[in-house]
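These are the structures, in structure tokens.
Two complexes are shown next, each including chain A; its partner changes from chain B in the first to chain C in the second.
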Partner chain A sequence: MTGPRRDPDMVRPYVRTGGKIRARDDVRLESVLIAASGPTDSLGPDPRRVMRLFTGTVGGLAVADIAAALELPPSTVRILVSSLMDSGHLTSPVAASDHQPESDLLQEVLRGLRSLV
Partner chain B sequence: MTELVLTGAVLLTLAGAGAAWYFRRKRDQARHEAELLRRHADRLTLQLLAAEQCVGHLTATVIPAAVGTAQDGDGAQATLMVPPNLEGTPLAERLRTLPGAVAAAVEDVRARERAAAAQSVEQLRQDAERQIAQARHESVGVARAAVRGFANNVVARAARLGRAVSQGVRRHISDEAYATLVEIDHLAQQMLLTASGYAVLAGDKLSRRWPATAMTDIVRAAMGRIEGYERIKHPEMGSISVEGRAVEAVVHALAVLLDNALRYSPPAASVHVSLEQGHHACFLIVDDAGLRMDDERLLWASDVMSGEQRDDITRLGAHPQTGLRVASLLAENYGFRVELTAPNIYQGTRAMIVLPKNLLITPESGGPAVASVPSVPAARPEPAAVPQAPAAAPLPSGAHEAIPAAPAAPAAHQAPQAPPATPTVGQTPPATTASGLTVRRRNPALAAQRRTAPPPAPAGPGRPAIAAAWAEGTRRGRLDNPSATPAEHDAANRTTPGTGHDAAHEEGH
Partner chain C sequence: MDCAPWSDPPVTYVPATVTRSAKIVVAGGFGVGKTTLIGSVSEVKPLRMEEPITQASAGVDDLRGTPHKTTTTVAMDFGRIHMAGGSLALYLFGLPGQARFQPLWEDLAEGALGCLVLADTRDLDASHDALGLLDSGGIPYAVAINTFPDAPGYPEAELREALALDPYTPLTTCDARDRTSSLHALITLTEYLTEHRSAAVLETPR
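Then we have the complex of A and B:
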């Protein structure tokens, strides 16, 4: 058993990521990303393919979605996405969780709403 | 009586006197003759002595001199001093002609000797040359076979290693595993480049086959095979693709040229790759900002690339030279050209691959469209939407052959209106519901694959393994998506077992 007859990666993953081999720690396969508007002309072929997936997307896409759609290794996509986040082309809505209101405050609001009803 | 006696006595006396006179005269005459004979004998003796001396002189000095003259070849004949007492004799004449005759004879003998010697030398030289040529031929054959066997072995194993890494980077998602696999992969790819180069020099064809590939991916594939690819800058190169049969050769040749450009330019300088489209050909141009190749080196390079001995495995130089030989051999075998010029706009060297139109697929030429960037329709947040995206794009990229579409290809030809209950497994057309939605069938092959797959590791909520499994699931889902487009079908045909010979070749060594 020698696996597939043909190598699926004619372009090797390290070339796609421009030699980067580490993704950001906060980019995981299940991380959902949304695209920021901005020019993509300066991007390389693969980042642009990633960005093109987002055109017309209402919500976000998970890293695993992107990997499956582009048929790229998930780790490669994580690195590509990390670079795109660094350059501001993608953002992670989950990252905003740091600034979510405290649960005490939410409890307070809930109690106020109930008292109104 | 007395008278008679007297008369008798007188007569006797007279007779005696006469006889006496006669004999006296006879004696004088004999003495004279004897004198003459003695003188003649003396003269002959002297002449004989002189002749002896002359012959002695002849053998001691004149003939060696004549031989020497013939040897020197200056034509000046040694003269023989004939003693005066032999003057006028035939012997003198003969002796005079002797040195010339000796010299001529010696000259003649020598000429014959020289001719014979030259002939035998020529014969020996020809024999030696024949033997050298034969030995050379044999040694080239032996070296070729050895290099071919070795190179093919390394190529086959490195290619397998590359495929194993491709599987590995999809299977393992930890950062450490990825970093290690990628490092191994980069080394394996360089090994593959070197080994395939030697296989080509040993007279083999390149063993790896690819589908038609967009130019950008050709450049990036070449970048993956060399060290220092981060310094290579290239723009997106549009929709031109290279025919499948030439892809590996062009990638290999480009990798060699890029490697050369990186080697001969400063460590911080970029190497620029660009594409120019001519009327009859496309030009892949590699510009380095390194040391300009001087005329001597350019001449050397063009010699290497056009030399008749370039495929002689026993006359290889150092690695760059090997690379250029391989590039030129590939160019010849696959019908493109490689050229080097200097200086370029960066005062460095420009290397060029000239690809004729028959190796290219342009969008207007009607060949199977190979998009570098797929036109993926708007993906919705629902996970199910994403897997459909590649189905709409004929080929996700040049690098991605249509293997996923292959199982769908037979079904694509069948009429979709066929009864959904057809029991033929694997040949059933896609069933549709009344509203036209596709009814998904169970693929027994995939089911078996799932059964034989190792049980997934227990995954907690939010673990990356779950997302990976999800991605794998959506990929499998696309595998039995029956709505194959004609382009997909074409691509599938290229990868179906009917053409598996190429790929099998890859395994065969």
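Then we have the complex of A and C:
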């Protein structure tokens, strides 16, 4: 255990996430988030770092983008983002496409890739 | 506590037009060209994320009866393509194919449309772990041989046998450094996925 103890970045994920240990099933690496609302001053350091990325932009970020920008493990960011969605700080861009069958998504990806060559 | 509030994040924001996202995994052994392929097709500068994993060391007997554990950091590069009039972001994730990363795969590959396995004819064995992970995880995949200039070519039948591929699994070649060639490999995969999906629907008992 000497290795991990010497590394200050090796903080257990549930410490970073304030006790939450599971990510929401709908929060995946590629899930895009946008800022919603809510005061951020009550948040812990890591959730606040996440929210700071969304300051002054209307653009979104996927879980993976956040993990890369903050140099946090993606598994930790999934949990952080899940908490921030539960608390209303982050939201998905739109929920209207939820009921679309997956084959449409595949067809759209196929069309999109073909249009690039 | 590290804190860098003034530095600009090295990320490109997802345009506000994007309402949906999807994920394709690019897998394969070390040095097979995953990052090169992602860099060729990505519309933003590819980024890297790192996941520390703790695992019991395999194949080592410990006399004290407690398995020795080691921490490894797994680096994963990824990129992004925008499509469908800017409403859809396709993320491409390079995942290392080693069998010992299976827990990571279950976490990170979940929800992927499918996987493109890159292979190098100089080391086809390096692809076996990735193929095994995909088979056990039920993730549909296609295989692309990355045509390194000094890698030997083999007839397709020999390659299929060496990789133990099912007859219907697509096998193609690509130059991971070339955008169009890499896109064609992704198209081959996605065409297969659409067929695979319709076949799966037909097979579902009522």
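In the analysis below, the second predicted complex is superposed on the first by the 86 of 117 C-alpha atoms of A that agree within 3 Å, B and C clash if a C-alpha of one lies under 4 Å from a C-alpha of the other, contacts with A are read in each partner's own complex, and residues count from 1 in each chain.
Quick note on the criterion: a contact is a pair of C-beta atoms (placed from the backbone, for glycine too) under 8 Å apart; a residue touches a chain by one contact, two chains touch by 3 or more.
As the structure is a computational prediction, the values presented were derived from the model and not from experiment.
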Touching partner for A:22 - first (chain B), second (chain C), both, neither: first
Chain B versus chain C as contact partner of A:56, first or second or both or neither: first
First (chain B), second (chain C), both or neither touched by A:36: neither
Touched partner set for A:75, first chain B, second chain C, both or neither: both
Partner chain in contact with A:115 - chain B first, chain C second, else both or neither: second
Doubly contacted chain A residues - partners chain C and chain B: 3-4, 8-10, 28-30, 45, 49, 52-53, 57-62, 64-65, 67-71, 73-75
Complex interface listing, chain A residues touching chain C: 3-4, 8-10, 28-32, 34, 45, 49, 52-53, 57-62, 64-71, 73-75, 78, 93-94, 96-97, 102-103, 105-117
Touching residues on chain B, where the partner in the complex is chain A: 159-160, 162-164, 166-167, 169-170, 172-173, 175, 178-179, 182-183, 185-186, 189, 208-210, 213, 216-217, 220-221, 223-224, 229-230, 236, 251, 372-381, 383, 386-387, 389-390, 396-401, 403-404, 462, 464, 466-468, 470-471, 474-475, 495, 500, 503-504, 506-507
Chain A - residues contacting chain B, complex: 2-16, 18-19, 21-23, 28-30, 44-45, 48-49, 52-65, 67-71, 73-76
Chain A-touching residues of chain C, taken from the complex the two chains share: 1-3, 5, 9-11, 13-16, 18-24, 41, 47-52, 54, 71, 76, 78, 80-81, 83-84, 88-91, 93, 107-108, 110-111, 113, 180, 183-184, 186-187, 190-191, 193-194, 197-198
